[in-house]
Amino acid sequence: MFPPLQDLYRIGPEIVLCVFGMLIMLIDPFVPAGRKRSMGWLGFAGTLVALASLRWAFLNRGSAYSDLLRMDTFSLFVHGIVISVAAIAILGSFDYLDNEKIQRGEYYALLLFATAGMGILAGANELVTAFVGLEMSSISTYILAGFRRTELKSNESSLKYFLLGSFATAFFLYGIALTYGATRSTRFDVISNALSSHAAGALLILGLGLIFVGLGFKVVAAPFQIYTPDVYEGAPTPVTAVLASGPKAAAFAVMLRIFYTAFGSTSHIWFWAIWVSAVLTMCIGNFAALVQSNVKRLLAYSSIAHAGYILVAFAAASEIGVAAVLFYLAAYAAMTLGAFLIVAYVGGTGERRLDISDYAGLGTSQPWIAACFSLFLLSLLGLPATAGFLGKFYAFSAALDQRLVWLVVIAAINSVIGAYYYLKVVVSMYFWEPNKEWAPLPLHAPMFIALLLTAAGTIYLGVLPDRVMQWALASARSLH
Amino acid sequence: MVPISYYIILSAVLFGLGVVGFVFKRNIITIFMSIELMLNAVNLAFVAFSREFNQLDGMIFVFFVIVVAAAEAAVGLAIIMVVARNRKSLNVEDVNLLKF
Amino acid sequence: MFILNHLWIIIALPLAGSILTLLAGRYWPKKAVNLSSVGFPVLAFASYCELVREFFTLNPAAPVIKDYFTWMVAGNFRVDFALQVDQLTIVMLGVVTFVGMLIHIYSIGYMAHEDGYYRFFAEMNLFMFFMSTLVMAANLVLLFVGWEGVGLCSYLLISFFFTKKSAADAGKKAFITTRIGDWGFTIGILMTFWLFKAVDYKTIFVKAANMPAEGMHHWGSLTVICLLLLAGAIGKSAQLPLYVWLPDAMEGPTPVSALIHAATMVTAGVYMVARMNPFFSRSPAAMLTVAIIGAVTALYAATIGLAQTDIKKVLAYSTISQLGYMFLACGVGAYAAGIFHLMTHAFFKALLFLAAGSVIHATGGEQNMFNMGGLRKKIPWTYGTMLVATLAISGAPLFAGFFSKDQILFDAYAGINANFLLYGLGTLGALITACYMFRLIFLTFHGKPRFDEHKVHVHESPKVMIVPMVILAFLSIVGGWFVLPTYFGGKDYFQAFLEPVFAGSNALARQMRPGYVEPPHSLEYEMAAIAVGVAFLGFLIALYLYILKPNAAKKLATSVHPIYQLLFRKYYVDELYGAVIIGPLIWLSRNVLWKVIDVGLIDGSVNGLAFLSRRVGGGLRHIQGGNERSYATWVVIGAVAVTVFFVWMVR
Amino acid sequence: MDGALVQNQSYVLTVLTFFPLFGTFALLLLKGDDHLWIRRLTLVTSIIEFVLSLFLLRGFDLGNGSYQFEEFHSWIPSLHIHYHMGIDGISLFLVLLTTFLTPLAVLCSWNSIQSHVKEFFAMLLVLEMGMVGVFCSLDLFLFFLFWEVMLIPMYFLIGIWGHGRKIYAALKFILYTMLGSILMLVAILWLYRVAHTFDLPAIQFMLSHGQISLPWSTELLMFLAFMLAFAIKVPLFPLHTWLPDAHTEAPTAGSVILAGVLLKMGTYGMLRFCLPLFPEAARRAAPVIAVLAIIGIVYAALVAMIQHDLKRLVAYTSVSHLGFVVLGIFVFNPTAMEGAIYQMLNHGVSTGVLFLVCGMLYDRRHTYEIKEFGGLAKPMPILCAFFLFACLSSLALPMLNGFVGEFMILIGVFDAHHFAWATWAATGAILSAVYLLWAYQRVALEKITVEKNATLPDASARERVILIVASIVILFMGIFSPLFTHRMDATTNALLQQMRTTASYEARARQSHSPTPRVAAAQQQNAHQLAMRSVSVERRAQP
Amino acid sequence: MSVAMLVFFACGVMAVLGAIGLILAREPVHSALSLVLVMVALAVLYLLLGAAFIAAIQILVYAGAVMVLFIFVIMLLNAGVEVRTNLSRLARWVGIPLAIVFLVEMAYAMSREYGARTAMAAGGAAAGPVPASTQALSMKLFTEFVLPFELTSILILIAILGALVLAKKEA
């Protein structure tokens, strides 16, 4: 009747996050305008506690709440990613929010709620629960995207994100409805049983298609990547950092669950959709990025491209493939978070310095920042001994393992095309003459720690990736 | 006695109309309305199915959908208001600062 | 048997001199430079004399081979740094060390006032080293080492006055032209190894000896090898068609011309052909080619010599033509005669150059014979020695050149591979030789002075230059007396000495021509008479044109102007090469290979690719038009596509 | 436990590879404006590195054709990636070449680098680490890692301290190379899919013992993928256009390293991977590659002939000379192969000297335009003497190193009955004389045309040291080549032997309807351990 | 033609017309009202399907709260007549047609897939063993689906926050 105690452990991280979110909401009004930073620290503490709570979750792995939710290794892995992303994002947001004069508690609360939503998404074992989790994360990110209310671009980004997001969600929802209609249930295992008993009917497949539309939107798979550049460019940069790493990871996680566990037996059908989408995503992302001069937007395109690479591993539709996707998500989270945080840092008040030319001479004026940024860029580029390379390496090998040679070749060539624009930024940082009116910005502790963590992660995953790979593999195993 | 299929087809039609509206409308508010229309179509489908299967799950889902829709409406309208306030226009095609 | 056991000493001495002079020369006074740079060649010659003594006491039938260290080894390919001495080597080495030594001494006087004095001697010594290596090498590759080495030294010394463009050009031309020949040489060596799996004389000659002689018309690999090697020889010895570098090489200091471009290096080709006689004698086709090239060159160069005005150029062309005689000799199988002429030629041609140098030295750098004349009185020593040399080269009886050339012509006429046509060419060449040589003498030393005697005060050269000339003059007379006995039915000592080297080839030649009968002894005299007559005729023509009727020459030149121009312009061969080979090659490289293919095609396509992808990007970015409705459209497109595709899949 | 399979682990190579990094860290501790000490520290580091590398010669076992100084640790077990280092007769001297050229590069940039000195020398040392690593790594993943990582310092060297269109050149260089190597990465992964290991010796063992076999089409594709990467690096005609730009714009040290070592990585890769792993494909593709190489020899020589930029000219000569190397590799004849390896070293040294001279001229006149020079032999006889010396060694004058390698290659090619190839390749010797002597004449001989040339200072003591050392090596290698080739014999023979056995196994496998890779892989589960074990077994068998 | 059928068709047509009205109306208010019409029609259909509770909240939450909010906003921003700009050629020439195609496709697929199924929905609460009673519904909601339910509360919280953050006037 009443859910057992383990269930609480199993949603421990979410509980923690929500509790801290609400705490912030409660305390915020009583904090004087100048001291709002403390809310941020509170939020940071929340993420740390959530990370710690993963331990209990881990000890009490299993399904929770009449199997609507599963706290398995897979879910733990994704939790790890999204919560760390939130933690680092909070660290990276302090100065930004101060500069923008929008240092408010709600920001952190929303971030925590969003993270909780992603956590639900990672563990969901039932479509409607997934839907609710999805909405939790999306709606809070809609708001966060528009957090610079006075800024037209921020409004626009928020609006576009919101409209298109809910549009896609509607598709997702209708997909759920059709699936329900076809299988009398929305639980993944039931669906997969139904599929194993008799072949998929048009209704179910239609449902799957619509679900793909909805999730494809969240994981920015072409042609649903369309909104990404605008939204990422307009949103406050730390938020963009989160958007690019967290929700994407969560969405991929739920997509994995749905496509592998629920619809695993129809892989021959959805494989091609993934294949085509992967190719489109990579090509659009990379080619369009070639001509960008706005670094923030450039990174947005690059995130599209990387979604493409992840889809390559996804298309492998194998255990290793899942592991590769997870590993890539972790690696990508680390590097893209770092990159966007540096964009936020360099952008300065009002995000004025976003153009490549603004980075000219950074190598001399702020060598460490430049070195850090180059590290992230090279990692995004896929240079060996960085996280990005291992991610690609693992993904490609997973895909090749299923003999997806052409897909991998296309991906490989794409990654070289990508090299051009990443290097373009490096070029401006090191090879161009420093522009005169550049005043080196102060680097405060939180941002410094954030960068340190991301950089460390990037290198760690690049040099000693084995442990994380083992986790990813274990998570992949835990899916079935 | 009405065949369930009728309901489903109706919901499909409504959903499609919602899609059409989403693409067709220019006024942000009405665009959002067509999303609501789509959600309603989903609800109809849920209810119909749950009736067909003699289950309650579908109806529970409807409940959730409605709540979510409400929440979305609240946030969405807030966003729309901000945009409208800052732009003095509700035409979605005027919102084109971010491009290329 | 000291030297015979330590052959390396002979090549090491000049090398040491070269290194020492090169490193220390710039800091030393002239005397010290002289000591080191002339001392070492003298020592080399001394050790050579010792070598000869030991060689004769030992008198080995087979070559003495000393293997020092392995130079190259890879897979089944192996080359040792090994030196050898046999009769042929003795002769060649004698020429090299002796003439070399004399010319070094001469240079002390001649180069006295040039800057880069030490550099000159260092390079000369280096040349001695490489030349000795060349003649002492015990395998083809080491021979090639010396071969290229002397080429290098010739390059360095020709462009000794490197600030003169002409000198620099000449040096480069010399090196590259010979390189073209060496291309053939290299492939010849490659093929030799491919055929015999070895490159050292001992092995390959034994293996070649077991191979049947090849026919004139169906060539085997030996013929091909020989022709390839011949290409190298042609380049080195300035035969048609690769002779063009030698005249230009006269840009170098005169001692260089004397040593390298008359006495030693240019004869390397002849030496090589003689050395490879076991190959050549098995390939009639190659032999004939050698002979023809030799004969034609002999005549061809001589004709050009007729019309030259630069005293050194005349000598250069005469060198070419004399080398032609040597080739002719080898071609008709008279290797010994060829080598014999090589030796005598080394003496008198070196002398000619030294004398010419002395003249130039005396007239303060004048080289145009038409600005000389009447020097007879002023520089008697030079005149006398040069006259001797001239008599020698034009084949006046009892002079060295007479015997050697006579032998060659004799063998060409009545030898085992006799060929009357070649003989005719040779004889004609002899006539012209006498003609242009005496033209040179008359123009230079006789008649009225054609220069301003007040501006140029002519003076005899110093002793240090005269003495070597005198010695050479002496040799130009007695150098040929080895063969004197043959005219009285005695034996040819020179040939006898070289017999061990050529025995196999001669025997083979005999068995290839079973019907061949030795010509009657009386023929010797007839041939000699003809030769002398021809030479005298040439002398008379020169006498008539340049002494008796001083302006007849001009009249003749104007009356047969085209021919004269043709000769004067050396048959326009340089222009021809320039227009047919060099020009087009450069044009092709610059305007086709580089501008069109490299920059245009290949690089263009690369950059084009980059440009294209940027254009694609520029196109794709316009998907992101910023209009939310278009975005919605994309979503719808995707939805329709996916659903249609899925439904289609389950159908 | 894998480590146990390699007998007597050695740590020399690890030390050798990562020693420069210590230098880098030490540099980072120094103050940026303390140029003198930065230079000294770098120099000392590189010299110590060189001395260290000399110890390889002592421990090297002549008779052993397989890998030596091996070190083997598990690194990323979940992908069967190991840290496996080792060298053989091929890589031994390339390592030495690297460690030898680096000090010269340091010396030659002593004064010419004035901005970001610290970063420059740090980059140089990192570069050295990458290069040594490439030559020492026996694990495909490790190899690829070094291969790519090494690009970055080079990229910065060109981009920051270069001149002219440096950014264009740098980007072109790195993109070209990456495009080439990315397909190699795919091939490596495919190989992993078949062999379940990235360990080169293990894969070689499996191939040559028929434990795995590749279908013909796969083998060809993979060969091409590897080949593309290496051909671009070499560079093989027509993939060479990045080279002139990179060379022309790079700083002297960059050019020296680039020509001296980086290009060799292409040919090294062919020897190390293309031949042993895909013998059949190599054999069948050989004619095409050889012809391309020959085209490269002649074509590049002709193009070099008419260059008006000295450095660009030298760059093209590299293309021409490496054509010889590739040709020597792809006739599969021991003589030619050793010649090719030897020629790599020769080219490294002599072209290095040529670039050093270019750099010295540039330091004085800040231009590479040939027509800006002329008559330099008067003001600077010594420099020009060495310039000529380098030219001669590069145009293969006997008794200098260039000749030995080139001649061995030609002998081998001819001995393998490829008469036409040898004949055409030999023309390269003529042309090299043409372009080098012409260039030398236009630079050093004739009258001085630009008056400011008349007063240029001759080689300084530092420059003399560089040039003398290099020239001594040139001469030494020209005379005592067996000292080098003896150490290559065993390896080359082993390599060719391996090619034969592998090819025969594959032929057999193909006759008997070869198992697809998937099956082949399935047949022997965890082939990796198995192979390593058997490798170790046969090693124990060896005396 | 039973009563149920009649009601269904009446409401169905009403809903469709409402939807079309929503699309075609230029005045936002009219669109809103036609949407209300759709919702009411759907509520009736829910009743017809025996989902009384759903019908109730449909009217309360949707037609009541949400639509009121809409109209409120429309009034607040006094949104004028919709200007049918066509800046997006893509939407005009591809989007709208494709959307209609999508509509047809869905409807067709449903009819096709469902033509087979002949399940009948009984009118009123009489049909089916499981009565869609509010009690049963809440039982299920608070036991099996308690987690999503709790999550929705957070969702509402988020919504409140959002409204707060975005709409609140600057202090």
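A few points about this structure:
For clarity, chains are labelled A, B, C, D and E in written order, and residue numbers in each chain start from 1.
The working rule: contacts are C-beta pairs under 8 Å (C-beta built on N, C-alpha and C of every residue); 3 or more make two chains touch, one makes a residue touch a chain.
The structure presented is a predicted model; accordingly, all values stated were derived computationally and were not measured.
Looking at chain B and chain D, the chains in contact with each of them are A, C.
If you compare C-D with A-D, the chain pair joined by more contacting C-beta pairs is C-D. Each chain gets a centre from its C-alpha atoms; the one nearest the centre of all protein C-alpha atoms is D.
Ranked by distance of CA centroids from chain C, the top chain is E.
Averaging Cα coordinates per chain places chain B and chain E 6 Å apart. For the pair chain A and chain B, the distance between mean C-alpha positions equals 26 Å.
Work out the mean CA point of chain A and of chain C, and you get 79 Å between them. Averaged Cα coordinates give chain C a centre that lies 104 Å from the centre of chain E.
Shared interface positions of chain E, defined as residues touching 2 or more other chains, are 87-88, 91, 95, 98-99, 102, 106, 109-110, 114, 145, 148, 152, 155, 158-159, 162, 166. In chain D, 175 are the positions where the chain touches two or more neighbouring chains simultaneously. Counting partner chains per residue, chain A has residues 128, 132, 135, 139, 142-143, 146, 149, 159-160, 163, 167, 201-202, 206, 229-230, 420 touching two or more of them.
Interchain contacts (touch definition given at top) occur between A-B, A-C, A-D, A-E, B-C, B-E, C-D, C-E. Of all the residues in chain B, the ones that touch chain E in their complex are 1-27, 29-30, 32-34, 36-37, 40, 43-44, 47-48, 50-52, 54-57, 59-60, 62-64, 66-75, 77-82, 84, 90-91, 93, 96. The touching residues of chain C, counted against chain D in their complex, run 69-77, 141, 144-145, 148-149, 152, 155, 159, 162-165, 168-169, 172, 175-176, 179-180, 182-183, 186-187, 190-191, 193-194, 585-586, 588-590, 593-594, 597-598, 602-603, 606, 610.
By the touch rule above, chain E contacts chain A in their complex via residues 106, 109-110, 112-114, 143-148, 151-152, 154-155, 157-159, 161-162, 164-166, 171.
On the chain C side of its complex with chain E, the touching residues are 625, 627, 629-630, 632-634, 636-637, 639-640, 643-644, 647.
Within the complex formed with chain E, the residues of chain A that make contact are 1, 3, 11, 18, 21-22, 25, 33, 64-66, 68-69, 104, 106-107, 109-110, 113, 116, 120, 128-129, 132-133, 135-136, 139-140, 142-143, 146-147, 149, 201-203, 206.
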